[in-house]
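Here the structure comes first, spelled out in structure tokens, and everything after it is commentary.
Read from first to last, the chains carry the letters A, B, C, D, E and F; within each, the first residue is number 1.
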Amino acid sequence: MLLTRRAEFSASHVCSNPEWSAEENRRVYGNNANPHGHGHNYVVEVTIEGEPNPATGMVFDLRELKDILNQEIVEPMDHRFLNYEVPPFDRVVPTTENIAREVWRRIEGRVDPAGVKLHNVRLYETEDLYVDYRGGE
Amino acid sequence: MLLTRRAEFSASHVCSNPEWSAEENRRVYGNNANPHGHGHNYVVEVTIEGEPNPATGMVFDLRELKDILNQEIVEPMDHRFLNYEVPPFDRVVPTTENIAREVWRRIEGRVDPAGVKLHNVRLYETEDLYVDYRGGE
Amino acid sequence: MLLTRRAEFSASHVCSNPEWSAEENRRVYGNNANPHGHGHNYVVEVTIEGEPNPATGMVFDLRELKDILNQEIVEPMDHRFLNYEVPPFDRVVPTTENIAREVWRRIEGRVDPAGVKLHNVRLYETEDLYVDYRGGE
Amino acid sequence: MLLTRRAEFSASHVCSNPEWSAEENRRVYGNNANPHGHGHNYVVEVTIEGEPNPATGMVFDLRELKDILNQEIVEPMDHRFLNYEVPPFDRVVPTTENIAREVWRRIEGRVDPAGVKLHNVRLYETEDLYVDYRGGE
Amino acid sequence: MLLTRRAEFSASHVCSNPEWSAEENRRVYGNNANPHGHGHNYVVEVTIEGEPNPATGMVFDLRELKDILNQEIVEPMDHRFLNYEVPPFDRVVPTTENIAREVWRRIEGRVDPAGVKLHNVRLYETEDLYVDYRGGE
Amino acid sequence: MLLTRRAEFSASHVCSNPEWSAEENRRVYGNNANPHGHGHNYVVEVTIEGEPNPATGMVFDLRELKDILNQEIVEPMDHRFLNYEVPPFDRVVPTTENIAREVWRRIEGRVDPAGVKLHNVRLYETEDLYVDYRGGE
């Protein structure tokens, strides 16, 4: 059984590799390399896997899952410029792929001790573009 | 090849274990334990797996799938208070997880004899919370 | 300038006029008259009208508007059975029309003293059905 | 007859009045005052009013309307930090209200000479917050 | 009080004026003039205006409104090629504007005798393009 | 890591097997067999699988993926009658299943040489009906 909870945060980012020239970054990242940054309403869907508890009929406490998402993702990332304010994006390029990995890292440490497994992190940059990450790569 | 059809039903439920006290139920289920119940516009997505018939180019008859969803899910559950009116929720707590299992049980008995396999049941309680169930657990 | 904020609450209701027979209520309200009740994820959009303050560029404080919606609508109505738990729906049939009027009554008393006018209340019962109310009728 | 076309752009903004202290800006704009800025997937809906041409059955050329939206709004604002890169937001606080006014100003100058009237500009900052502007205030 | 009900139909159309050459039609309608036609999932929102009946708390019978939409719009237009199968589109170009007018004409004749007024017809051709029509023009 | 990009195209189709009678086609395909055809706003989601490049943090160049979708799917299929204008649908029935297979065939030839694998093609005919195809069947 998989249980998915969705949350949203509005943040800025700029995609550029500091070891490259402005021209090289523009070539690789296009207008995502605009040094002033730009922003999105990111939507994150966190999916956990577990067997429903026979007594409660629930895989996980929904309020606890909501709290974890708020504490680990929404509060630190909402209304922030990721590159300047949210580690590790001061040194890791905040592509959608890398943000999904960081969401995984932050959530895994909270749900696995609770006896369920983190199964998937989906991150939408826009309605038309999203990544899915299942750890390990 | 997977084929998914979506349907919607509006129902009430209350989450509480009759063997527990009101305080215990409130602690476990939060405001889902409100004994008067509350409701949702549930969205269900039923996914079947099969190989398209070479002559028709279809995995399954779409009208038949729609009829099955209406007969097994929408007609018996729409505009109902699940705990009082839709078995087995008189004795099984109608959490999103348990409703998904019941949808699976009802649909599997209809599509498997038709030569395709039920692959997944997704049930949205709200836009921000859903479960996926693939049988067997 | 109009400013609209959206909120959501999940509630149960039953539509029946206590002065009528069960048959008469079934005839008028259809399956909305099911005495056990049923539920929806209601979506409410509250629209206020005002001129942006020249210094702030804002019609109204967004956090205050969010607080008003939470205090007046979401907290008292979410996860409730409207007929039994939310006045005046113990004596007023909670049709979508009447819920919209009650939302208007509750919000108007909060935003008008703040110097803006309540302009419209839109209430979605489902994605396919909604009402708009502008007071006065 | 009203004709509406929707477009989307992803941008950053920061809401602060340069004549005020950081504390004052934080008090007025909340986390929108974060000096690093943050971003949104803004959705803009531009509505024009006119009578359909009897020969074409159209109020306006749809491709021309799309071009106008791209030239005036999407190209200059998408993937930009509004305060630093898009006048007049170097001196006008880019609240949702003020961005809607600027959209109006840019579009009005293009559609009115074409014989239709700009009727409304709706700007969504998120799915839960939007403004409507009809000029003149 | 305004009450809106939404419905959907999937249809084909081609936009061309039979008195014009293929080149002229291509110039005016772009790829909408492709003579083979193309199609859309049209979404129609019909809004009626009335005062809620004090006894029922309803502006109009919701099932009757649904039946009217099905009989007048969905059944005759769904899965049809409008130009060939749905009058008056054999002689009136089925632009979004003209389809909205025809929806108005068909619905007005049904709801006005029932004591409420048709207020608005909104027709979405896609999520990004829609018209609103309120009669009379 | 999976990366998904969404696109949309508006097209007509008719589902019928030329070796069958009109009655037989009507029996198998229902109103999808209407010989005049009908249309949809098809939504396609193309998912590719790969490991993010350590230097760029990206699985694939997003602009290249967008270009591939435009060149292979949107440009040839948008505003077209699939049976008459888009091979192989002159001889293959354009069911949702068969369109998904054709999308797979067209995209696979473009992304696999670029070092990533095509993982899934999802095709929505409407919001309520979609297929997923992963090749090979």
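Methods note: contacts are C-beta pairs under 8 Å (C-beta built on N, C-alpha and C of every residue); 3 or more make two chains touch, one makes a residue touch a chain.
If you're wondering where the values come from, they're calculated on a predicted model, not measured in any experiment.
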| item | value |
| --- | --- |
| Chains touching both subunit B and subunit E | C, F |
| Equivalent of A-D within the choices B-C, C-D or B-F, defined by over half of its residue contact pairs recurring | B-C |
| Most distant chain from subunit E by Cα centroid | A |
| Maximum centroid distance from subunit D, chain identifier (CA atoms) | B |
| Same-residue or different-residue interface between subunit B and subunit F, half as cut-off | different |
| For subunit C paired with subunit E, centre-to-centre distance based on mean C-alpha positions, whole Å | 29 |
| Set of subunit A residues in contact with two or more other chains | 32, 127 |
| Each pair of chains that touches, named by its two labels | A-B, A-D, A-F, B-C, B-F, C-D, C-E, D-E, E-F |
| Sites on subunit D touched by subunit C in the complex | 15, 17, 28-30, 32, 92-98, 100, 127-133, 137 |
| In the complex, subunit D residues that touch subunit A | 8, 10-13, 31-32, 34, 36-41, 78-81, 84-85, 126-127 |
| Complex interface listing, subunit D residues touching subunit E | 1-7, 47, 51-52, 55-59, 61-63 |
